[in-house]
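When the chains are written out, they are named A, B, C, D and E in that same order, and each has its own residue count from 1.
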Amino acid sequence: MAVTILGRLAARAPVPVFVAMGRDGAPAIEHLLKSGDIDFTATPRHANILLVAGRTRESDQPYLDRLHDQMPHPRATFWWGDAHSDDIDEARRSASADDPVAPLRALYRKLIGGSYASETHRLSDEPPAPWRGRGDHGQGGEGMMGGVPYGRMMPMPPTPDIRDGLALDVYRTQVGPFMPYWPAGLILEVTFQGDVIQSAEVVQPPYPPRDIDREPFDRLLHEQTPLAQIERTRATHHLACIARVLSLVELPTLSRRAQIVAARIRANETVAIGPLRKAAARAGLMAAIKPGLGRIDDDLACELGGPVRRAAGHVLDSRNDDPTYTRLGFTPVTQKQSDCQARVAQWFDEAEQALALASAAPHILIAQGQLAEPPWALRAPPLDYRVTELLPGLEWSEALLVLNSFDSAALCRMAPLETP
Amino acid sequence: MNVIDIAFWIFAAIAVISGWRVFCTDSMVRASFLLLLSFIAVGLIMVLLNAPYLGIATVFMMAVEMMVMALFMVMFMMNPAGLNPMMMVHQHRFSIAAGVFVFATLTGLICVTRFTSNPVDPGLDSVASLGKELLGNSMLIFETAGVTLLATMVASVILSSRSGRFGTADTGAVPPPLEPGGEPAGRQPEQHSGHAHHHH
Amino acid sequence: MYAALAGSGVAIVPFSSASVLADLEVGIVWWGAVEALTVVVVFLHGWSANAQFGLIGAYRYVAIGLPVMLISMFMLIAAALPAESLALPQIVESQRGLWNVIRQPLGLPLFLLLGLSLSFRGPFNYADSADIAGGTAAEVSGAPRLVWEFARLAMLTAVAAMAASVFLGGYLGPWLPGPAWLVLKTATLLLVLVCLTEQLARISPSRMMTLIWTTLLPLSFLHLVWAGVLAL
Amino acid sequence: MALTGLVIIFITFFAGALIVQKLPTRADHHQLAESQKVPFLGGSSPNTHAWQRYHIRYYSMTLLFIAFEMEMMFMYPWAVVYVTEGVKALAEMGMFLAILTVGILYGWREGIFRWQ
Amino acid sequence: MTLPAILIVAAALIGIGLYGTLSQQSFVMLMMGLELMLNGVMLAAVGFWSLTAGGLPTGQLLAIIVMAVMAVEMAVGFALITAVYRSRQADVTESLTTLKH
């Protein structure tokens, strides 16, 4: 009897969801954020529902299975986005258009109520290093060469550390595609010594930038589009990147506020970014990012283009040779050093400027033409420079900051698939 | 056998057993925290001997030391979680004999000698008496302890950190050459780094 | 285990002049032992899961937890100077005339920062932060996680109760009976702690370690000298 | 005895926490599937143990910390008898603190408070 | 709670500590043995202080000094281990043979 009371209580609690961000899952996240009774968890272990937002690649299927099996019972997966086989029944799928909150809540209530069977594990049940009985020198024990709780290989021989010369064990592992504050889809083969990264290689490039960001720029290629809409999309894209950096430095409320502001901008409401920026400055956002972290040299910044180039101080912007912009008195905003701090400051400045432009010219149409800046024109060629050359020697939290300081298009170009 | 005696025997048992277990567990981390358990038991015995400050200070100090011991143990030992059995013991029989011998002689001495017994009056504020002692006629010990602590700090920093004023620590000392600028004199230590057998 | 530590932390707080759960003659030293054992327990919680993120969280917490313990000891010693004893009831008695927070202004803010770092909240969240996917609690779910979160909150209340009794004169107060005052003060301090959680950004552990050793420690030295001169 | 109160409270909290943890698992005797025990690495599977030699970066800081810790041990009795001893105690502890601050300044100059 | 009982427990700790120090190969375990012996010594000191010396202040001072010795010995010991490891990657007593032949 006690369990049912607890069950009813649990059903009313916010739904613990672990999000596996797919190709363009961001709109779903904004819906969920606004609804408020969805609780995003840091690991699948804390969640009951795995929300697969957006389209995922075929190669991600094993990773999704692993994530699904890591969730505690009662568990379920919820596919948001339409590119999925229709064998999954109606309760656990929803098209990308409508709002996923209601079905999620209903699914969660059914799960807790027990009327919905918890999904069994998909991967095989026996341990990968099966126990081959006790060895002759007495090795073995439970989980041969692996011990409790998970049989695995013993560590690699030690290699001298790059920073302080102590040759200790190296921990080489793949860090997966679906993690909170991790560029969606990116898989890195990272070798740690302690918590400092020794070396990293790309195993799988991240997903290309979100369609909703590129849609107005693509439409511009073949017809006139209102200036306001282009600037609003630019502002929302920058705010989404800022939100990720904010939550990395442990300011979750500010990051949620930034995402909600981005959602309202997309819904064409006029919202001011000033107070958000002042709150972030007061909380010490700029102080938290080490100056000089993730500094890239100028010519690389030029190739990357977009906000990264302007963060390096180059006054190049395809907008200033466009008549409508010059009439509105547009001058590109730049920073000086091209490191994480400069890029975040650049995002803030550009978002404010974009909103000012959008409000200044609500109904001006831009003539059809090639305006797409590199971050939004995806077809740009991948660079030979790898983002993973920035990571060695960095501590894990700093490495995450560097990874998140590039917008997703720049990251795609800098982390193409390694040609073995 | 009032409450204090029972408590004493329980703590004594914990201390001795966990002390013995420390040396026969495989996993390093478990060994260091077993040692912490035995120290806490000893600390509590001291509190029973109404020296509360010393007892709690032992618990406090040992918690920190065992934490550092666990950190270093994990940093340097081959398989810190004891996944493969660790028989890292040499001259086994000799050490058992030494341990038992010392224990036997000490207990023999204890049983033989008669101790004068004038127990401390429980009302004594042990911390205050220690304080007066420290500031009073044994101030010299207090200050020399301070200087030795400084010496330890400097020594541990020099030995353990890599950056030094005269080049990094792992450049190794090279014996001076016979004639100036020549080949370093003396026997060259064999280059193979003395890494112990690999557990493969 | 962490909950047990938090509980014992609360135990030494005197509820009223007569009744105290554990009239330990050396209250502050036991609080130091509680802090040291908390560092040990959180490390074990991260270590037990045999997972990389849990390990990173555990080691980062120890790096910050150890120096923080020093600073909290300086604060409490400074408070024990006028009271001439390490026992908490005496410290509270010594504040009958003037509360410690007025006599030693620097004590309360520093001690509250320590409270945050002890139960790894806000700017000091190095053990369970989200950038290492939940840190030590990354592999824990269900009932053990419920107990872990409860223990963190219990430790926060223990810190608040300790701060209230050492700096705000625990049960001293004109009208209300003793324990009511203590509960009132602890509640206000808890409110302050929770509001403090979201204010500051978290800097990387190595910079935070340097910050603690090079700025907070000299501050606590100054605080101690100030209390010493004042208590003469 | 002071100790008994403390030990009793410690044991009650400890037992309470253990019971709450073990309570639910008794009910749904779900046998953990092997694939559920995989540590979480963002979806990909680890191929070696995490229990290996972990290169902590602040080892010299811990050593300095132990030496500094001893100072706390000496300061507790000093705090108790401070008022009765007067200025002499202040001068003495001042010297003791100065000596140990020299140790910290040396450590700071050697840069051991950064990630080694 | 008689003095001989306490001393026997202290002797047991010292015996185990000695066994540990002599038998273990790895530096760190060797140091744990030393710590255990020092702990036994401290217990004996406090035992004497409380049951025979009648609360003589210097007795407590001796215990504090033994604790200081423990701390100093541990700090310098680990510093030595780090230095040896940095140059020789050896953490087991067997592999340090430069003095032998």
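Worth a mention:
What we mean here is this: a residue touches a chain if its C-beta (ideal position, glycine included) is under 8 Å from a C-beta of that chain, and two chains touch if they have at least 3 such contacts.
Here the structure is a predicted model, which is why all the values come from computation and not from measurement.
Counting steps between touching chains, the shortest path from chain B to chain C takes 1.
Taking each chain's centre as the mean of its C-alpha atoms, the one that lies farthest from the centre of chain E is A.
Chain closest to the overall centre, judged by the mean of its C-alpha atoms against the mean of all protein C-alpha atoms: D.
Per-pair counts of C-beta contacts peak for the chains B-E. Each chain's centre was taken as the mean of its CA atoms, and the one lying most distant from chain C is A.
Chain A and chain B have centres, each the mean of its CA atoms, that are 48 Å apart.
Centroid to centroid, with C-alpha atoms defining each point, chain A and chain D lie 34 Å apart. Distance from the chain A centre to the chain E centre is 52 Å, each centre being the mean of its Cα atoms. Centre-to-centre separation between chain B and chain E, using Cα means, comes to 4 Å. Shown for chain D are the residues in touch with two or more other chains, namely 2-3, 39-42, 46, 49-57, 59-60, 62-70, 72-74, 76, 79-82, 104, 107, 115-116. Taken residue by residue, chain B touches two or more other chains at 4, 48, 52-53, 57, 60-61, 64-65, 68, 71-72, 75-79, 81, 83, 125, 127-128, 130, 132-134, 145, 149, 152-153, 156-158, 160, 162, 169-170, whereas all remaining positions touch fewer.
Under the contact definition stated at the top, the residues of chain E that touch 2 or more other chains are 64, 67-68, 71-72, 74-75, 78-79, 82, 85-86, 89.
Across the interface of their complex, chain A is touched by residues 50, 52, 56, 59-60, 122-123, 125, 129-134, 137-142, 145, 198-207 of chain C. Taken in their complex, chain D has these residues touching chain C: 2-3, 5-6, 9-14, 16-17, 20-25, 39-42, 46, 49-51, 54, 56-58, 61-62, 65, 68-69, 72, 75-76, 79-84, 86-87, 90, 93-94, 97, 101, 104, 107-108, 113-115. Considering their complex, residues 59-60, 62-64, 66-67, 69-70, 73-74 of chain D touch chain E.
By the touch criterion stated above, chain B contacts chain C in their complex at residues 29, 33, 36, 52-53, 56-57, 59-60, 63-64, 66-67, 70-71, 81, 125, 127-128. Those residues of chain E lying in contact with chain D across their complex are 64, 67-68, 71-72, 74-75, 78-79, 82.
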